[in-house]
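I'd like to ask some things about the structure below.
Naming follows writing order (A, B, C and D), and every chain is counted from residue 1.
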Amino acid sequence: MRRLTIAEAIREALREEMRKDPNVILIGEDIGIPGGWGGPFTVTQGLAEEFGHERVIDTPISETGIVGMAIGAAIMGLRPVAEVQYCDFLFCAMDQIANQAAKLRYMSGGQIKIPLVLRAPTGATGRGAQHAQSLEGLFINISGLKIVAPSTPYDAKGLLKSSIRDDNPVLFFEHKLLYGSKGARKERGGVELLGEVPEEEYTIPLGVADIKREGKDITIVAKLLMLHRTLEAAEELERDGISVEVIDPRTLVPLDKETIINSVKKTNRILIVDECPKTGGWAAEISAIIVEEAMDYLDAPIKRLCTSDVPIPFSPVLEGYVIPTKDRIIQAVREMLG
Amino acid sequence: MRRLTIAEAIREALREEMRKDPNVILIGEDIGIPGGWGGPFTVTQGLAEEFGHERVIDTPISETGIVGMAIGAAIMGLRPVAEVQYCDFLFCAMDQIANQAAKLRYMSGGQIKIPLVLRAPTGATGRGAQHAQSLEGLFINISGLKIVAPSTPYDAKGLLKSSIRDDNPVLFFEHKLLYGSKGARKERGGVELLGEVPEEEYTIPLGVADIKREGKDITIVAKLLMLHRTLEAAEELERDGISVEVIDPRTLVPLDKETIINSVKKTNRILIVDECPKTGGWAAEISAIIVEEAMDYLDAPIKRLCTSDVPIPFSPVLEGYVIPTKDRIIQAVREMLG
Amino acid sequence: MIELSREKLLLLYRQMLSIRLFEDRVYQLFLLGMVPSTLHQYQGQEAVAVGVCAVLNRDDFITSTHRPHGHAIAKGVPMKRIAAELFGKVTGCCRAKGGSMHIGDYSVGMLPAIAIVGSGIPIANGVALAFKLRKTKQVVVSFFGDGATNNGSFHEALNMGAIYNLPVIYVCENNFYGASTHISKVMKLENIADRASAYGIPGVVVDGMDVLEVYRVASEAVNRAREGEGPTLIECKTYRYSGHSRSDPANYRPKEEVEFWKSRDPIFQFKKKLLELDVLSEKEDNRIRSEVEKEIEEAINFAIESPLPSPEIALEDVYA
Amino acid sequence: MIELSREKLLLLYRQMLSIRLFEDRVYQLFLLGMVPSTLHQYQGQEAVAVGVCAVLNRDDFITSTHRPHGHAIAKGVPMKRIAAELFGKVTGCCRAKGGSMHIGDYSVGMLPAIAIVGSGIPIANGVALAFKLRKTKQVVVSFFGDGATNNGSFHEALNMGAIYNLPVIYVCENNFYGASTHISKVMKLENIADRASAYGIPGVVVDGMDVLEVYRVASEAVNRAREGEGPTLIECKTYRYSGHSRSDPANYRPKEEVEFWKSRDPIFQFKKKLLELDVLSEKEDNRIRSEVEKEIEEAINFAIESPLPSPEIALEDVYA
């Protein structure tokens, strides 16, 4: 089968949905400039050429204005896919995201819908504290949003198509180190990620986790870059006879609790590996769910292996120290298996 | 001993610190206008008269400008106490809070300090979704901030004084229903809260929890309004012979894990009652800590009793339905004790 | 003076009266403890909502603020649905989930009002963008206060409205105060309309106590927007009679100032003009008043008699 | 032309040269893979940083952006500390925690640069507020790009600077692009300086390729600020020679445009003028160049030879 990068898969999802539905439009900085970038990570390259500047809208550096405009357009029935260049800049539009997009439908008593997708590159890539955060976990605390975080080209395409067709505001997090090393914006430390993507149309429903690797000794839940590090760790652990089940939630809201809980009931151990900072992060929610719903099945305390509670430092040796690595995943598993 | 409302206790803390240290200034909307309000909940009444408009600075409705200005002033050695009128508006300054205040010291390699306090009224009071959030839990995921959430006049005063003297950015959450029913801004559903506050100077260190009630059958961790509902529930449960230990963390970052863990080791059961939305909320973090550090002591799954994952609805019957009540706390305890 | 039919003139008058009397009545009930929460009322500013909305079609849209009752009545949200929402009843326009600060009715072109100061303005742009892409000739009006114009949302939105040439009219109701704070403390300009030049769009100042002036200026702006000529910033100088919200005695305002503005009352002035023009007689006025009062009583009764929501519906409407 | 001593003129020249040659050298090393991350470089804009900072005292402050190297050198951050920071070495001015986009050195009056577009401007106000309350006569300069002026932070900050009459100078480096986006796509104004009128403060346009003009205009603004007359918005028309960041080939720019601006190179122009004025000779120029080159090599060697941080220090400096 055809193999694509995540950037290509996302571009294809955008193109297909734009061809299918004239209501789908793109809004963002540097996304459609002739001779330009196609967004910060090349994802929208070629789309302005095909769909014109009425539907691929370049904006000022006005994140509040961007998200606000996308919300208004969505209320009127367009299906905007807006973007910020780095997810850190979501905070520049936080009021629009958390106070408006997440709440307006509810406040209206269900009168309106907000079919909006907001794409946001997440994760640390050696650029220092303001271009490095993993924020997907924080947003799960804002009721009214859906949160998607795909880890493979196949998932990214199928989930983005579902997100665009969803009638709710969806934050769609893409990890910068997973875009693939083709194209202008290759990133040091990026994963050489090419994945099979069928030519035929498909979608992946929001709220369905994927067992990326079956195993029986321990369950690891991980997403985005950490999923890939976990899979590498699992590979290595297998050589030592340790069988790891790896679950990718793919969407954080709605969350497929069942798949995770069933896995824990089978393996009786769970490690959560996450690039969000540990305190109050996404891993805490997973842990709390397991304890509420499957504590009796646990043979060992739940462990969270997360990024340290620090802003992300610049120097690669420092950045590398605070974010979970394959080796630290292996070590954590060994400890849990005693 | 003298009994004050929280509003009075906070005002006194501000006044004492302003008298002691000329670097302490106040920045916010409607805080010092002659004939005005003293802030949205009367807290700063009289301070402009005593300290002048150079130190009690009324601002435009520019939350980003307010917090940014406070950060710059703090870096230069002032000790600004800035405020937003409702904590929901923290999102209007989210970039300044989360990307700047929390990170600049770290980014500078420790060159600078940011002794900033940001006061934010939290909690639902029948005003609908955009004036109702409990956000203190969300901010614990932003490394670099300290988070304080006092529940009594005594704690509020002592903790605010420590926050002002602290060399780091502190978000100081005050619950609107705890301000007390004196003064212009009494709130329907407010707790008639008067607490003993000594005349003599005192401070309370950040990071020390308080056992508000000793007990042996179950531990409940709760803060702000939920602490008071929990204490009422504990009272009622006691009549049935159920002995509840109630812990008020008082500061969420740094968190006094030890007090909580020791209590769980004693009671072997823990319920977390929280007004933050459940998913990804503060209760999840407490749960995850307990599981990591004291799972073997648990006789029952940890339970989270939190606000439902919805924006806060307007109508009192709806608002009342989604936020934990005394009765639901009692019910949860009974269920946990089987 | 612009040419308006007798019917239209009387409609403007009736609408202003509806707003005034509705707000007064709601306040009485608030004092009786029958209205939960707080209220941000519109008395004094009626000429703005009415003058602007009278130019709009039903399928044009508005965005509103924490002070939305006047906008809602002027845009045609049924009064009983507004009243029921204020009372927290399930028959309210937002199913009792919005409340006073979030009144809205999509079917008549009013988005749920947005109570975060300034945040409705970028959203209005999006509504306008949809109209523009679909070439429908609809327009959107974004109402906001003087206080909002110091907020970053105002700046980003006006700039974007300008560069995309959107069919949006930015209507600033300058009532000289943001909460307790006088505009002179938070802005060095005399006229907010002058800020339009920072975005390359027209800015107009208008007497917000004169409904016909507001109507005239709004007509021009709406026409421009419909013709694809882009946005206008309209500053209406006006005044709120009440405190900022219902717990506010407004002691920060000089008595003379309040008196001055009340002497320019928009309804009184307009009535005088209508009497002079022989469009209205005292008798006719009485008839209109009692009709309006009757409508208000019906709305209030509807609200009072409507059931409270069943608590469980709190969990609905989060997702579509 | 303003009166400047020979020494001062040569200092301006040397500083511009330092920035240019430093940036060029760093780029070479970047291509060799020796510099982690990305770079936002300053070639072409030297007259702005140098012209403005030459007016400042050591205890005046600046805030900077994602493109801070030029500002840092002009404000006097030791070049070797900058280089070491870029290389991620523990001897860097931010202990290797900041990196290229967050260069800063409190001891010479430069806050850690802020890479969120616009977000440094409100912070500069706070610095100015401290100076004002303490009556120290210090000033702060906030540097930002054209792109930042469409951001809400710009608006809120300029308004607040104006109403509090703060000793702050807002210096907009209009290089006509925000990333790949030409200013004409995102703003309907010819001159950004015109936005000053929305806040009631002076706005001045200056040729940002002419260091003496920048110096002159900055002097006036700094004097005003020191005298308690409040802020000024200065727009410097300039150009960045490189792409936005080092992965950007800048294909969105017409060749002729680049050529036009390079023909107005600030260093070349200034050299010509200094030669004409007999302040500089070719020989002197060569001497200065080699001194600067030597300083740069020393800085680079210092960076290369400095140790990496020990990983555990990543956990330090979160809290004071």
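One rule holds in what follows: a contact is a pair of C-beta atoms (placed from the backbone, for glycine too) under 8 Å apart; a residue touches a chain by one contact, two chains touch by 3 or more.
A quick note: this is a predicted structure, and the numbers were derived from the prediction, not measured.
Within the contact network of the assembly, the step distance from chain B to chain D comes to 1.
Shared contact partners of chain C and chain D are A, B. Averaging C-alpha coordinates per chain and comparing to chain A, the farthest chain turns out to be C.
Each chain gets one centre point, the mean of its Cα atoms, and the points for chain A and chain C are 41 Å apart. Centre-to-centre spacing of chain A and chain D amounts to 36 Å, using the average Cα coordinate of each chain.
In this assembly, the C-alpha centroid of chain A lies 31 Å from the C-alpha centroid of chain B.
Annotation for chain B: residues 59-60, 62, 64-65, 88-89, 92, 95, 99, 106-107, 128-130, 143-144, 308-311, 313-314 touch two or more other chains. Residue positions 92, 94, 96-98, 102, 114, 116, 119, 150-153, 156, 159, 163, 185-187, 318 of chain C each touch two or more of the other chains. If each chain is drawn as a node and touching chains are joined, the picture has every node linked to every other. Residues of chain C touching chain A in their complex: 61, 92-98, 102, 104-107, 111-112, 114, 116, 119, 121-131, 133, 140, 152-153, 156-157, 159-160, 163-164, 316-320. Interface residues of chain D, counted against chain C in their complex, comprise 150-156, 159, 162-163, 185-189, 194-195, 197-201.
Residue ranges on chain A touching chain D, taken from their complex, read 29-30, 33-37, 58-62, 64-65, 88-89, 92, 125-131, 184-185, 188, 308-311, 313-322. Across the interface of their complex, chain B is touched by residues 88-89, 91-92, 94-95, 97-99, 102-103, 106-107, 128-130, 137-144, 253, 276-277, 279-285, 287-288, 291-293, 295-296, 298, 301-304, 308-311, 313-314 of chain A.
Chain D makes touch with chain A in their complex at residues 36-38, 85, 88-90, 92, 94, 96-102, 114-119, 147-148, 150-152, 178-182, 185-187, 247-249, 251-253, 308-309, 311-315, 318.
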